[in-house]
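Next come the structures, one after another.
Shared between the two complexes below is subunit A, which has subunit B as its partner in the first and subunit C in the second.
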Partner chain A sequence: MKFQKELKDSIRKALPELDVVIGWCGSFDPLHATPHFIRREEDIEKLEIGPLSVHNLATYLPGLRGKKVGIVVKGCDSRSVIELLQEKLIARDDITIFGFPCTGVVDQAKIKKALGYVGNVESCDMSDKSVVIVAAGKAHSLELSDVLADKCHSCRYPDAIISDIFVGDKSGEAVPAPADYEALATFENLSLPDRFGFWLKELDRCIRCYACRSACPLCVCRDHCAAESREPHWLSQENNVRDKLMFQVIHAYHLAGRCTECGECQRACPVDIPVLMLKQKMNKEIRDIFKYEAGVDPEETPPLLSFKMEEENITEKDW
Partner chain B sequence: MPVLEGKELRIVGFLCNWCSYGGADTAGVGRFKQPTDLRIIKVPCSGRIDPLFVVKALMNGADGVLVSGCHPRDCHYAEGNFYARRRLEIMHKFLPILGYEPGRFEYTWVSASEGQRWQQVVTSFTEQIHKLGPAPKILGPEASDTLGLMQAAL
Partner chain C sequence: MALVKYLKSTDLKSWLAELAQENRVFAPRYEGEAVIFAPFDPEQEIFIKYAATAPPKKTVFPQSERLVDFMYSKDPEDLSRIKIEAQEVLPQGTAVVFGGRPCDVRGFTMFDRVYMAEEATDIYYKARRDNTSFITLACDATENTCFCHWVNSSPSDPTGSDVLAIPVEGGFLLKAVSDRGETLLTSQLLSAGENRVEEGERVCKEVADSLSQAPDLANSPKKLLEVFDNIEFWQDVSAKCLSCGTCTYLCPTCYCFNITDETQGMKGSRIRSWDNCMSALFTMEASGHNPRPTKAHRLKNRVGHKFSYYPDLHDGVISCCGCGRCIKSCPAGVDIREIVLKAIAFEPTVVEG
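After this line comes the complex of A and B, so read on.
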C-alpha cells in the first residue's frame, strides 16, 4: 500500500511515547496476516496493511487498559474504538489512533470456498482488482471483489471516523446511506418454522469454543460472562443445541445498541455459523425504533441506557 | 391424568411486585374468572426483568410469556419501567428472527387497582396463545431430534 511508509514513519515518531502499537504483519503463510504488537523500533518494519488486515484490533484495547497504546484502525475498527470510548472502557488519553483509507479486506472463508484446499501457499499477490495465489506450484486467480468480506461491499465508513494521525488521502465523506441488510431481508422471507429449523441446524455445528465472544471487541466481561456463570445458571455445560442457540441470543442481546457489525464473531467462527445475522437484526430494530447507530459519536448515550417518558416509535399493545 | 392435560398451554408471567402482582391479587379477591394457563413469577420491578428471561422461558418449553409492570410514570422505583419498555420492545421485535411468533410474548402495564384490566389481559393473552398453539420446542441435545419431529409434523 502506498501510504504504508508514511504510516511506519508516523508510528516511529510516536513509539517513544507509547508502550505498544498494534497493527498487522505477515503470518504463517502469505495468504494470512496476524496482529502485530510493536514494542521496539525494529518491529516497525514488519508492519503490513492491506486486504489481509482483517482483524479488528480494538478487541485488545480493554485488556491493555492503563497502558499507552497506539492502534492502527480500519474504518469499521474505529467504530469499535468509539463504542469503547463511549462506554468508558478505555481512556481517550491513553490511546493513539492511526487511521488509513481502507479499501476492503478479504474474507478467508470465501477464498477457501472458491479454491478448496490448495496446499502450501507460496505467494499471494493482491492488486486493486485481483488476487493471485500461488500454491503447490500452481497459480490461482480470483477477482478481489468476489472474495471481499460482505461488510466491505456495503461499507459506509472506509476512513477511520476517529483518529489522531491519518495517513493517505481520505476516500471522501462518509456515505450516510443506511445499511440495507439484504441477506437479512431474504432470510426474513422464510416462514417461522423454517427460521427455527435454520438456527437449530446451523447451531448444531457449534463446538462451544466461544471464539465469537473472544473476537468481539465489545464482549468485555471476560471472566464474568453469563455463559460461565453458575448463579444464575443461564447455560449448562452440556453439548446441547438449546444452550448453543441461547448463547447466541445472549450475545446478540448484550450487544443491543452497542454492536458496530465489524463481523468479527462470524469471521472467528471455526464452523462458519452466520451469527452476525442475529446482531444485524438487533441493529436494524434499534435503528428503526431509536434512530440510533452505534460507534459513530463518542458523546452519545446508548439507547438502552436512556429512556423517554413518551416513546415516539413504540406502540404498545391495546388490550 | 390431570383433567386439563392437553387443554392447557403453559404461559409464564413476570409481574412486578408493586402494581401488576397487586392487580392480579385484586382480580383474585374480586373473584374474576380467569383462564388457568398462566404461572406467575413475582419480580421486584419490571426493570428487573432481563428480556433474556423471555427467551429462556420459551426455549425451555413455555408457549407464551407475559410481562406486566406499573404504568409508565407510576413505577415504584420512578423509572424502572421506562428502561424495561425499551428493552422489552426490542426483544419483542427480535423474536421472529429466531422463529417465534411475535405474539408469543407481550408486555403491558396493570396497576394494583385494575383487577378488571388484569382479567382482560390474561384472558385475551391466553386466547392469543391458544390461537398460536404450542410453541416450537427444542427436544434432545442434537438438532436432528427436533428437526426430525418438525418434518414429521408437516
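After this line comes the complex of A and C, so read on.
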C-alpha cells in the first residue's frame, strides 16, 4: 500500500502522546493478519495494512476506556467508532483516529472455498486486482473481487467517515445509494417453515463460543451478557438449537439500529454460521421505519435509544 | 506384530455402516464452510481431506450432558413439605469415532489423568471413554498451525487410539493399536494389510519430515511460573484477545465444565456443560470478587494450565496436543505458540545498582 509509509510516519509522530495505537500486522501464515498493538517505536515497522486487514479494531475501544488510544480504521470500522461515540461508550478526546482509503478486505471463507484447503499457505501476493496464493507448492491465482467480503461490494464509505489523520487520497466519489439487501430479499421469499428450518440447521453446529458477541464492537454488556445470566434465566445451558437461536435473536435485537454491518460476528464464527443476515434484517426494518443508518453521524441518536411522543411511521393509535 | 488390514476408500462407508449396526458412529462432515463430527449418515459424504474444524471431543465429553433428572412433589397434606426424587442418567451404548486426527484423540489422554485418576473417577466421563473406540486417521499433510511435534507427538501418533488408519494408495492401512481395535478389524470388507505396511511407514515418515524443527519446551513450566506475577507480560500478549470461547471450545484438551440446574415447573435436570476460562464468569465468586478480573489474568491461566501447572502435576506431560485449532480459528489470531516461546525467552530486566 502506497500510503503505508505515510501512516507509519504519522503514528510515529503521535505515539509519544498515546498509550497504544492499534493497527494490523502479519500473523501465523502469509494469508492472515492479526491486530497489532503498537506501544513502542520499534513496533511501528511491523504495521501492515491491506486486504488482509479484516478485523474491526473498534471492538477494542470500550475495553481501553480511560487510555489514550490511537486506532487505524477502514471506512466500515469508522462507523463503529461513531456508534460508540454516539452511545458515549468512548470519549472522543481519548482517541486518535487514523483513516486510510480502503479498497476492500478479503473474506477468508471465500478464499478457503476457492482453494479447497488453506492449511499450508506459503505465500500470498495481493495486487489491486488479483491474489496469488501458493499453498502446498501450488500457485492459485484469484480475482481479488471474487474473494472480497460481501460488505466491500456494497461499501458506501471506503474512506473513514471520521478521522484525525487521514493518509492517502480520499476516493472523492459521492456516497452511492444504500444497498438493497438482495440476498436478504431472496431469503425472505422462502416460506416461514423453510426459513425456520434454515436457522435450525445452521445453528445446530453452533458451539456457543460467543465469538460473534465478543468480536462485535457494539456488544457492550461485557460481563453481563444474557447468554450467561442465570437470573434472569434467559437461556438454558443445555445444548439445544432453540437456545442457540434465542441467543442470536437477542443479539440481533440488541443491535437493531446500532449495527453497522461490519460483519465481525460472522467472520469470527469458527463454524461459519451466517449470523450477519439476522442483523441485516433488523437494519432493513429500521431503515424502512426510521429512515436511519447507524454509525454515520456522531451527533445522531440511534432510533431505539431515543423516544418520541409520536413516531412518524408507526401508527400505533390506528391499531 | 499388531493386526494390520487394508480398506479400500470406496468401502469406507460400507464399513462404517457395518460398525453402525452395533455402535453409534461419528464421522467428520462438511457443513456450511466448517467440518464437524456428526452421527454417521450413509447419505452424507465423509470429509477427511483435512482435520475437522471442531475435534471429536464432544463424543466423550458432550458440550452439555444430563447428569441427574429430578422432580419435586408437594405433600398434599402439608404443602410446605417438598419431596425431591432424583435419578442419575448414565451414558448408555457404545460408540465408534472415525476420522479424528492423532492430536484430537491423544487429547483424551490428558482428560484421563484428571477424570479417571485413582483418587477420584468421573463416572460419566469414564462410561463414555470406556465405551468409545477411536479409528484415528494419520495425517497425510500438515498445516501452518500444526505443532503436535512440539508436544512430544507426531502426525501418526497412535496414543489414545484403538485403530490407526494410514492413508495409502487407494485406501487405508488399518493398524490395531489396542485389543479393542483388533475387534473392530474383523469385517469381510477388510483385506490383508501386511504388504502395505512399508508404504504406510513411508507416508508417516514423509509427513513427519515436513514439519519444521520443534523448539524445546522442557523449560516451559518453570519459565511460565517466572512470569506469573508479570502482569505487563500478560497484558501485552493478551491485548488482542477478545475473550470469546473459540479456543477452549475447539480445544481437544480443555476439560473444564460448569454444573447448572435447568428447571421447568416441578421437573428439571442437573446438567454439566463446557465452561470457558476466557470468560469473566469462570472464576466469579459468590461474594462478587473475581480473582481473574481481566483477560490478561485469564489468558495467563489458559496458557499456564496447559504448559506449566498441568505438567507439574502430571509427570511433565504438556496438556496441549498441538492441533493448532486455537490459532487457526481465533478471530483475533492469538497464537499460543508465540506466547509460550515468549515466556521461555523472557529475561527479567536487571536493575543495576
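The working rule: the second predicted complex is superposed on the first by the 309 of 319 C-alpha atoms of A that agree within 3 Å, B and C clash if a C-alpha of one lies under 4 Å from a C-alpha of the other, contacts with A are read in each partner's own complex, and residues count from 1 in each chain.
Criterion: a contact is a pair of C-beta atoms (placed from the backbone, for glycine too) under 8 Å apart; a residue touches a chain by one contact, two chains touch by 3 or more.
All values derive from a computational prediction rather than experimental measurement.
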First (subunit B), second (subunit C), both or neither touched by A:Pro303: first
Contacts of A:Ala256 with subunit B and subunit C, given as first, second, both or neither: first
Which superposed partner A:Glu238 touches (first subunit B, second subunit C, both, neither): both
Partner chain in contact with A:Tyr117 - subunit B first, subunit C second, else both or neither: second
First, second, both or neither for A:Met282, with subunit B first and subunit C second: first
Touching partner for A:Arg222 - first (subunit B), second (subunit C), both, neither: second
Touching partner for A:Val147 - first (subunit B), second (subunit C), both, neither: neither
Subunit B and subunit C footprints on subunit A, overlapping residues: 238-239
List of subunit A residues in touch with subunit C within their complex: 20, 27-29, 32-37, 39, 55, 59-60, 109, 112-113, 116-117, 119-121, 136, 202, 205, 207-211, 213-215, 222-223, 228, 230, 236-239, 264, 267-268, 270-274
Residue ranges of subunit A touching subunit B (in the complex, touch as defined): 187-188, 192-201, 203-204, 234, 238-242, 245-246, 249-250, 252-253, 256, 277-278, 281-282, 285-286, 288-290, 303-304, 307-309, 311, 314, 316-317, 319
Interfacial residue positions of subunit B with respect to subunit A in the complex: 51-52, 55-56, 59-60, 72-73, 79, 82-83, 85-87, 89-91, 93-94, 96-101, 106-109, 117, 120-121, 124, 136, 138, 141-144, 146-147, 150
Contacting residues of subunit C [partner subunit A, same complex]: 31-34, 36, 49-51, 53-54, 62-64, 141-146, 236, 239-240, 242-246, 248-250, 258, 260, 262, 269, 271, 273, 276, 279-281, 284, 327-329, 331-335
